[in-house]
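Sharing a structure below in structure tokens format, with a few things to ask.
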Amino acid sequence: MTALHHSLLPRVALPALALLIAFPPVMQAIDQPFYIVLATRILIFALAASSLNLLIGFGGMVSFGHAAFFGTGAYTVGILMVHGVDSAWIAWPAAVLASALAALLIGAISLHTRGVYFIMITLAFAQMIYYLFVSLKAYGGDDGLTLAGRSQVGFGVDLASDVVFYYVVLAIVALLLALLGRMVNARFGRALQAVRENETRAQAIGFPAYRYKLACFVLGGAVAGLAGVLIVNQNELASPNLLHWMQSGMLLIMVILGGVGFLYGGVLGALVLLLLEETLSEYTIHWQFGVGLILLAVVLFAPNGLLSLAQRRTPSARGASG
Amino acid sequence: MDLILLLEQTLNGLQFGLMLFLLAAGLTLVFGIMDMINLAHGSLYMVGAYLAATLIGYTGSFTLALLGALAGTALFGAALEVSLLRTLYQRDHLTQVLATFALILIINEGTRMIWGSQALLLNAPDALSGPVELLPGLTYPAYRLLIIGVGLAVAAALYLLVTHTRIGMLVRAGASNREMALTMGVNVKRLFTAVFAAGAALSALAGVLLGPLLAVQVGMGESILILAFVVIVIGGIGSVRGALVGALLVGFVDTLGRTLLPMSLRTVLPPQVASNLGPALASILIYVLMAAVLFWRPQGLFPARG
Amino acid sequence: MAEAVLALRGLTKRFGGLTATDGVTLDIAPGELHALIGPNGAGKTTLIHQISGALPPDEGSVAFGGREITRLAVHERVAAGLVRSFQVTNIFQRFSVLDNMALAVQAGSGSSMAFWRPVARETALFREAGELLARIGLADKAASAAAELAHGEQRQLEVGLALATRPKLLLLDEPLAGMGPEESERMVQLIAALARSCTILLVEHDMQAVFRLATRISVLVSGRIIASGAPDDVRRDTEVRRAYLGDEAPSALA
């Protein structure tokens, strides 16, 4: 049975948050600052994957074009910076708005299809956006757009410091995950899950399915845009790869790996995939081979994602969920 | 508009479209009959090219290398199907995406481990390296004519196979109604393996033929895979005829678009803008086409499923 | 005379060469339990689809409470009080029975574009859901997954979901489908109880149930209404008897 209620799991989440807060000083103490950068990257992709999980796991919309919003957020920041706007207070909301708008347009059209056709049409639109940005030679073209520096926040907060940047990212990601958790348990989230579960039935009890799916699609796109803002700041580069369909595929893999429909599915998937990437590449340049094998193992033994394994071990009357 | 250029690009479009057809035919059948999304289909295309590039080093003969590559890839495909892919048929599409994506990583990296990261050289047979004069003023590379010839021959053979043989009937029945095909007492397992292996061979053929024109390197499969998906969506999932029409459409639109669009844009827009916008619009064109088909006729031009 | 709750005028629907609905004109008065019967293939479900909004008619109009609704979407009709249950059980299989009902109550009680307040705190919502479950006899199954219910219980839930949206007109599409005698009896009693507070349009094959429950009956044959009126009158109508020969057991109308 699927429970409609999704706990934020404070007993796990709060200690994890505490560990994450303590992380940078510990890393600095053992002189391993690189891991702060890695952790930041993982947090950003956790956010991006979670935004896709909102679409797939809660909205039932399998999108293969999510990179479009991730990249739009990144490029908006980059382009504004080229034109002299480097204030985070202007650029970041603008980027989120741009992604939300793109999601509104793409979603409004795509949501007239479903199933595999929806997957393909979202892919098509993402490709269009990819080629559009790549063609803008003024903004880097194939090579991408290098930023002059990270966004300016003011108030003594200097994002150029990796530690400061880490805490800003942590704050944003933690806040957004908390908001997502609230949302899926509110009326919107329940109506959305009803539409995902049985759209005909949901309409028949009076939920306007299209409206809820579109709202979900836009929200997911906006959050992906926010993740894009963060990644472009971390890398100080807006690369067309962010918009590539392989990027959409990567995000999809993260969600499926972590567990579709589990609140922390995107987080776990991003963590596992990026850590695998990081640790395996220490041993061999052919680390992708290892990742492939592990993914296959997941398919065979945990087909509903890693978090589904936790669910199997703690059955309850209403069914536990991540 | 230069007529010669137009004819030349039309032939290029035909050539590209026919190769896309080879790739799409296998993909659409696997998707239509076994209801499986196979992201690793492009990897079979790559394996074919790599095998041919290697075999030509040993045998010195393009033809032998081609045949060897076809056989090798078909075997490889059959092995994959029997060992792993078979277990995916019953699973949901997302699981198939995850598994076949994992396969891409494994096959790509495996290829790098065996052959290294450098692109391999695959040369067209010497006899075909020259141009042929088709019309006064229109010369066209002989090798590309070969590709067109092979593509047309295979298309015709597939058409005959699918419409005039028992196997073809089983395949079509399976594509339009899987449950019915099962109840007809078909040896489903063997049919599926055969379909998959055939699709692998077709992909390999495309890979080998295109090898001399495009680069033989890891990742070549992914860039053409997405076009193959566009083709089968436009043509209709499960329909070989749809794959042909869709592939030709995509081949022509893409090739002609890349030539004609920048040219026509240059007549109305300043050259800077035109040279930027042209290629972008050309690349976007087939996706606009696919989005339009998905919006107005989502089952495609020739839906196999009733 | 009170205004018709549902007024169909010249409703027509064609599928290629087949005319599934042929100029159907029908009035359903408030408080009626109106049964729609007819042989297999008469077009009953197609007609229900057009009334509920799932299928647009080619010609004709549908008016609900005096208001033209022919172009309204399904969820808009539901909001107006026109609700249907499905012939093939269509519930949220993986959710609990209580959640099924709670969702229906939620849909009928204001906007769901709310993103902050946890629904779990809306005690009134769950209380109403619980009361509805009790009313349809599924209170003890509240915590079970809907998929675990017996077929008859799932049909009850099906009706219950329609009820939760506070309908003015309830379209019941073969609620007794696939039920044994005990389950059928329970459903008949449930429908009878519902009829006290709601106008009902009932599509059914089970003649015993139809004649027990209906206050008026209309007969649909080949997409056309061939008879409509009090149960006894319909029972004796010669055209109706002819339509049923060879289709349903003639004894059903005896």
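First chain written, first letter: the chains are A, B and C, and each begins at residue 1.
The rule is short, and it goes like this: a contact is a pair of C-beta atoms (placed from the backbone, for glycine too) under 8 Å apart; a residue touches a chain by one contact, two chains touch by 3 or more.
Fair warning: this is a prediction, and the values are worked out from it, not measured in the lab.
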Shared touching chains for subunit B and subunit C? A
Closest chain to the overall C-alpha centroid, by per-chain C-alpha centroid: which is it? A
With chain centres set to the mean of the C-alpha atoms, which chain is at the far end from subunit B? C
Subunit B and subunit C: spacing of chain centres that average the CA atoms, whole Å: 51
Using the average of all C-alpha atoms in each chain as its centre, how far is it in Å between subunit A and subunit B? 32
In whole angstrom, what separates the CA-based centres of subunit A and subunit C? 43
Which positions of subunit A touch subunit C when the two form their complex? 1-5, 182-183, 185-191, 194, 197-198, 200-209, 212, 215, 317-318
Considering only the defined contacts, which subunit C positions touch subunit A in the complex? 52, 73-76, 78-79, 83-84, 86, 90-96, 99, 103-104, 106-108, 111-120, 143-145, 147, 161-162, 164-165
How about subunit A: which of its residues touch subunit B in the complex? 56, 62, 109, 112-113, 116-117, 119-121, 123-125, 127-128, 131-132, 134-137, 245-246, 249, 252-253, 256-257, 260, 286, 288-289, 291-293, 295-296, 298-300, 303
Which part of subunit B faces subunit A closely enough to touch in the complex? 37, 39, 84, 87-88, 91, 93-95, 97-99, 101-106, 108-110, 112-113, 222, 226, 229-230, 233, 237, 276-277, 279-280, 283-284, 287-288, 290-291, 294-295, 298
